[in-house]
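Shared between the two complexes below is chain A, which has chain B as its partner in the first and chain C in the second.
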Partner chain A sequence: MNMLSLQHFPIYSIMVLFLGAFLIVVFGRSKVVRHSVALLATCASMLFMMGLIKPVMLGGEIISYWMGARVPAGGYAIGIALEVDALSLFFGLLVSTVVFVACIYSIQYMSHDDNVPQYYTLFLMLAGGVMGMVLTGDLFNMFIMVEILTFAAVALTAFRNTVTGALEAAFKYLVVGSIGSTCILAGTIVLYAQMHTLNLGQLAALIPGNLTTSTKLAFALLFIGFCTKAFLVPFHPLAADAHGAAPASISVLISGVLTKSGIYGIIRLTYFLFQSMGLGTMQFWLVFLGSVSMFVCVTMALAQHDFKRLLAFHSISQIGYVLAAVGLSTALGISAGVYHAMNHTIFKGLLFLAAGAVLHETGTTDLGKLGGLSKKMPVTTVMFLVGAAAISGIPPFNGFASKWMIYQASYQKAVESNNIGFLAVTICALVTSTLTLASFVKVTQSVFFGQLPKEYENVKEVPFGMRLAMGILAALCIVTGLVPNYVTRFLTEPAAKAVYHVGAYINSAMGAGYAESVMQTVPVAAEPSFVQHGVWSPVSWLCLLMIALLALTVVATSAKYDKVSLGEATDTKYQLFYGGEKNFYSQVGSDDLFWGFKHNWRHYFSFMHELHSGVVNDYALWAVVALALATLYALVVL
Partner chain B sequence: MILFNYIASFFLIVLGLYCIVVKYNLVKTVIGLSILDYGVNLLIITIGFNPGGTAPIFTQGEITPASYFVDPIPQALTLTSIVIGACVTAMSLALVIKLEEQYGTIDTREIRRLRG
Partner chain C sequence: MALILQALRYLVYVLVFPGFLFCFMTGLLLCGIDRKLVARMQKRVGPPILQPFYDFFKLCGKETIVPAAANRTVFLLAPLVGLAALVVIQLFIPVFRFSAFNSIADVIVILYLLLIPALSVIMGGAASGSPYAGVGLSREMVTILSCELPLLLVLLAIGKVVGTALGTGICFSLSKIVDYQMAHGSLLGKLSMIPAAVAFLLVIPGETGNHPFDAAEAETEICEGPLAEYSGAPLGVYKLSHAVKMLTMTSLFVALFLGGIGTGIENLMFQLGLSGGAAGAVAFLLEILVLFLLCAVLTFLTISVVHAVTARLRIEQLFKYYWTVVAGLALISLVLAWYGL
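The block that comes next holds the complex of A and B.
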């Protein structure tokens, strides 16, 4: 067999990462060797994934690779398989690209730390774990990869163990992450007891016809397991802790890549293994979970005063968008969901890298201490503004394109299913987007603009390698935002179509005709429709918005306005808001920027603050409660 | 007999979760994680067990349709799971030692600098 045939590309792209990890353990003492090994490994992994674009994305092939050429015999999958359909490849491409960029960034970002060889080893293990997880076709193999990535992520969270809270965050993540992993293992083995196979394709063929109490329990266990990996509510505090404490290049991976593996797991579980997305309640709960995640996390983010912790909450908020869109169970919804997943990886990566650049130069991420950095770090500022505009859904950046599709998809679903509830999702998504913009206004104002504190007079722009990494992601932000038609046609629509071609996935693993012989009804692979509901083009709406804004500005600046009276608020720090400040250069504190809004919502905010107590027992309890609820749901409804 | 195994494994799983949720001592949390893991291991090995079956060790051609043995796959899975469990314990204990150095306590209620 030809060693360079496409068949081998998936295993190569996983292997080079693990091989790189081991080489760095042995030869990593030398700086040149470890940097070149890490860069080569991540770059090679990315190139192998790109090599598969033509046959899988455009040609619609599904690549099955059996380890040791142990193909299924007698109708049973015995060996371990890698299965790459368009969905796997989509996530694989995403992962490998961001890993490569994070690797470029790491070289200068980590240059002042000790134990750097161990950092690169763990970095490559984490990347390899995620690659393996999205490319594998075997449920137990998936569990192994989940454990590898969880372990590497925990170790990297505690890597800078002198940073406040790094160890604490790592321990909490390890405890709750282990509960999640154990759930995945228990679910896997319960499925094995019923079906006597671990191959995803064969399981997908066997499960829908044989729904027993045990398989339903397995569904609940696997679902909660993948939810912990995606940090969905109620697991979001772990994400916030871990992102805040980890080095920025690792935050990029945890937020951009690790959460995606959880989302990938949920899609595989609900659409492929159990094919349960036809159920109205299933759609409802996924969309509900997504909406709650997006709203709760964005309000949590508003109350934060640490740069990276704030970004972490936004990260889960955006994952909420992805899950809500995927849960709509329409072709447009899935396409919008994976599009937003891709965009989230890019812009959130960019934002974390910008936060890392600020940390690298100033040594702090406290919003209250920073300010005025735009004069000293112009490139970082521009990069951050691109990322902030993208995450807030401002055209022409990529966040707008995918959010627009999510609004469309949820509205369309509401019209099609005649269910007003889905309209609430559209509204929730819009409100969340506004709150996201609000909190990024706060970050921009308190980090990059305003008065420069005296101690940061000598701050310089970050080195070229870090600027390059940010530049790549910023360029991707703009490119994927400017040509949404091409992105959807070549990347997200094939991925969404793959979700509907369960039969092809099964047959690719088990041999042609297997799905038809085992299943009573093979899911029909009807051509999904990606037509958007609105009859108006978004461009003309954009023009209208511009005109309206211009008109408003003209009217507002020409009119006389009254002084605002503050009533009982006599605290002198609020005087700045009506121009009575004593100190000319005094800056509005990051906590004061939206104080009116926060004041009205103070009960909610203090309730949420109390709830996120930081005690690991509470978080573990939430996990157990979520597991209990999921089990109850699965046993009663599924 | 097999039923007793299932009951015991679920008892261990629940006991492990109870321990993690209720105990405020970090070391006990780690012990809870281990118990949870043992429960799952027992579950796996029970699923692969056939009463009266032999060990699943055969050479080429020795295996016939009449051979009666326990399922080897769950045993392989258990080995992997035991290794992972040992790693979890080692890593979490290492973190506990470091946490004790930094915070001067191993009470979970006092290790909460990250909150809100």
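The block that comes next holds the complex of A and C.
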């Protein structure tokens, strides 16, 4: 077989990352070597993924790669397989792109740290782990990748171990993350004992006919395992701690990439292995969990006063959107869900990079201490505003495009199934979006606008590499928001269709005709419907806005609008108005904001405050309780 | 040639009707009527109806002072973006049969587009660096939060009613909502829509930031909050935006709930034996006049009367009021609509 045939691309894109990690261990002492190895590896990985767009996304092929060419024999798949269908490739593309951008950013961001070679090694291990996890076609292989990515992420969380709370965060992550990994391992074992195979395709063919108590137990175990990777409620406190302590470039990976691997796992588990597409109880389970995560985490974010912790909670809130949309199990819902997953990766990456830029220049992310940075860091401010507008669902940025599809999908589902419960999801999603906006207004006011504290008067704009990384993501935010039609046609609809084509996935792994011979009813890949009832054409809107703005600017400049008077701060005319009192430093930000809202919700907030004790024992207990509940649900209801 | 004509037509839409000129004239006129009516209800003489125009031109002639602490670009750009976004929204709201652009944004998108003018106030205030603006923008954001929930419940209810009637399940397209009302009578005539209409009317003063829901700009305590540092033309633009927002919200109500009324004119003229180009133009002008009168009545009902008889609410009272009373009304409507009443 030709070494450059498409068949090999998946393994290459995983391999280059791990290879890069090992090379950096050996030769990483030199700055040039480690930077070029890291950049080359991540870039190559991204290019390999892009090479697959044409056959997989557009051509609808599924690429199976058997390691060591151990193809299935005698109806059993013993070898390890990589299976890349449109869903895997979609997540693979996301992962590799963001990893590449984070790598560009890291070069200057990490330049003042010690032990940088170790950083890159772990960085590439984490990236390789996630790539492996989304591309693999083998359940045990998936577990191994999960272990690799979890431990790399734990180590990276504590990478800046001089930062207060870094070790504590890593420890919490380690404990609860291990519970999650153990769940995945236990689920894998149970399934293997039942089905005597680990290949995802074969499992998908066998499980629906053998829905015993043990397989349901395995479902609960695997589900909770993937939930810990996605940090869904009740595992959300970990994410906040981890993001708060980890370097920003790692936060990007944890939020943009690691949580996506959890979502990917959940989709594979529920819709492929257990084929519960049309099952009302499963829809309820996913949508409920998604909505709860969405709402709880956005309110938690409103109560934060640390930039990165705030972003961390938002990250789970957005993952809640993804899960709720995917849980609708309509074609539009899944398409909207994966679209939002992509957008979340982009804009949350951008926001974390902006937070990192602020940290890099000022040394703090405490919202109460910052202020007025927009005059010192204009580029970062613009980048941040783009990201903030995108996550808050302001048209025409990408967050709106996908949230818009989620609103429609959930409302459509409610109307079609005549179930008023789904309507609550629409309302929850709409309200959450506005709450998200509120919390980003808070960040904008607390960090970038308002008054500049004395100690930050010499702050400078971040170096070029960091601006470039932010610029790439900001451009993606705008582009994917302006052309939602193309994004859905070329990326998300193929991914959503792949979810419907379970039979094809099985046959691709096990050989043609396998699904038909084993399963009583092969899930028929009916052409899913992506009909949208909404009307939104961002480009035309933007054109109109530009015409309007242009007209307005012409009028304004021909009037006296641009003849503004600007003066020195010493002239009292140009000082801020203090009602006649003496001028003093008075920044309104952080906790001062939104009293009107928080006052009405004070009981809720104090309840949440007590609940989130910060003690790892409690969080471990939550994990166990969640597992118990999931098991109960799986055994009794499913 | 056809392309150029098309482009010219769009340009006329944006600049004249229903774009800038129309927004400017009617918005400020509505504002003037409101001020006059409130004054009369409070037994004052009140300013002349054209006072907002005088105010606007006066502000444009004044010096614009940019505080030394401010971020200049954002401070000066925010008002313009807000006004432009608002005018573009007005393009999507149909004037009875006429709608300038009906395939760009539907009503849920409009709900989100309405955030942009509000955000422009917030951004401008934040960029000024003033602590008054800080307090004001915090309240402005809470006001947005308050209004959002009832408003979206109302829109969902309308989408359900119209969608069920049209057989598409859901429908958020404004022009289709208006078409539906022409065929089946105004939505206000439906039992399930009455609480929604009341809720929408109650949302109007909150969205425009009028008394008693003007905690964000409370002149007497926080010196107009986000606008504390603004002067000259930018302040004039904000005042204009405020006036245009009154037009936007009231004409949105007309489109959503009273969509059937304006078509009567053309039918009437047709019955009187009048048809053809000139009669069509007259009918169209009459429709615009009817729209303006309806907007003026709505402004009187929701803004002036409420202004004259109430005192300003504190921000947490405002939030509670909208999320309990108004959202409750809208929810009743949604549930009724769901069960097909």
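Quick note on the criterion: the second predicted complex is superposed on the first by the 586 of 638 C-alpha atoms of A that agree within 3 Å, B and C clash if a C-alpha of one lies under 4 Å from a C-alpha of the other, contacts with A are read in each partner's own complex, and residues count from 1 in each chain.
The rule we apply is simple: a contact is a pair of C-beta atoms (placed from the backbone, for glycine too) under 8 Å apart; a residue touches a chain by one contact, two chains touch by 3 or more.
From a predicted model like this one, the values you see are computed outputs, not experimental measurements.
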| item | value |
| --- | --- |
| Which superposed partner A:Ala551 touches (first chain B, second chain C, both, neither) | second |
| Chain B versus chain C as contact partner of A:Gln412, first or second or both or neither | second |
| Partner chain in contact with A:Gly589 - chain B first, chain C second, else both or neither | second |
| Partner chain in contact with A:Thr281 - chain B first, chain C second, else both or neither | neither |
| First (chain B), second (chain C), both or neither touched by A:Ser517 | neither |
| Partner chain in contact with A:Ser111 - chain B first, chain C second, else both or neither | neither |
| Most chain A residues touched (candidates chain B, chain C) | C |
| First, second, both or neither for A:Thr212, with chain B first and chain C second | neither |
| Partner chain in contact with A:Gly450 - chain B first, chain C second, else both or neither | second |
| First, second, both or neither for A:Ser36, with chain B first and chain C second | neither |
| Touch list for chain B against partner chain A, complex | 13, 17, 20-24, 26, 29, 33, 36-37, 40, 43-44, 47, 73-74, 77, 80-81, 84, 87-88, 91-92, 95-96, 98-99, 102-103, 108-109, 111-116 |
| Chain A - residues contacting chain C, complex | 372, 374-375, 393-395, 400, 404, 407-408, 411-412, 415-416, 420, 423, 426-427, 430-431, 434-435, 437-438, 441, 444-445, 448-452, 533-537, 540-541, 544-545, 547-549, 551-553, 556, 559-561, 563-569, 571, 573-579, 586-589, 592-597, 599-600 |
| Residues on chain A engaged by chain B in the complex (per definition of touch) | 140, 144, 147, 151, 154-155, 158, 161, 164-165, 167-171, 174-175, 178-179, 181-182, 185-186, 189, 192-193, 198, 240-241, 244-245, 303, 309, 608-609, 612-617, 620-621, 624 |
| Touching residues on chain C, where the partner in the complex is chain A | 10-11, 14-15, 19-20, 60-61, 63-69, 71-72, 74, 76, 80-81, 83-85, 87-88, 91, 101-106, 108-109, 112-113, 115-116, 119, 122-123, 126-135, 137-139, 141-142, 144-145, 148-149, 152-153, 156, 159-160, 163, 168-173, 215, 223, 228-229, 232-234, 237, 314-316, 318-320, 323, 334-335, 338 |
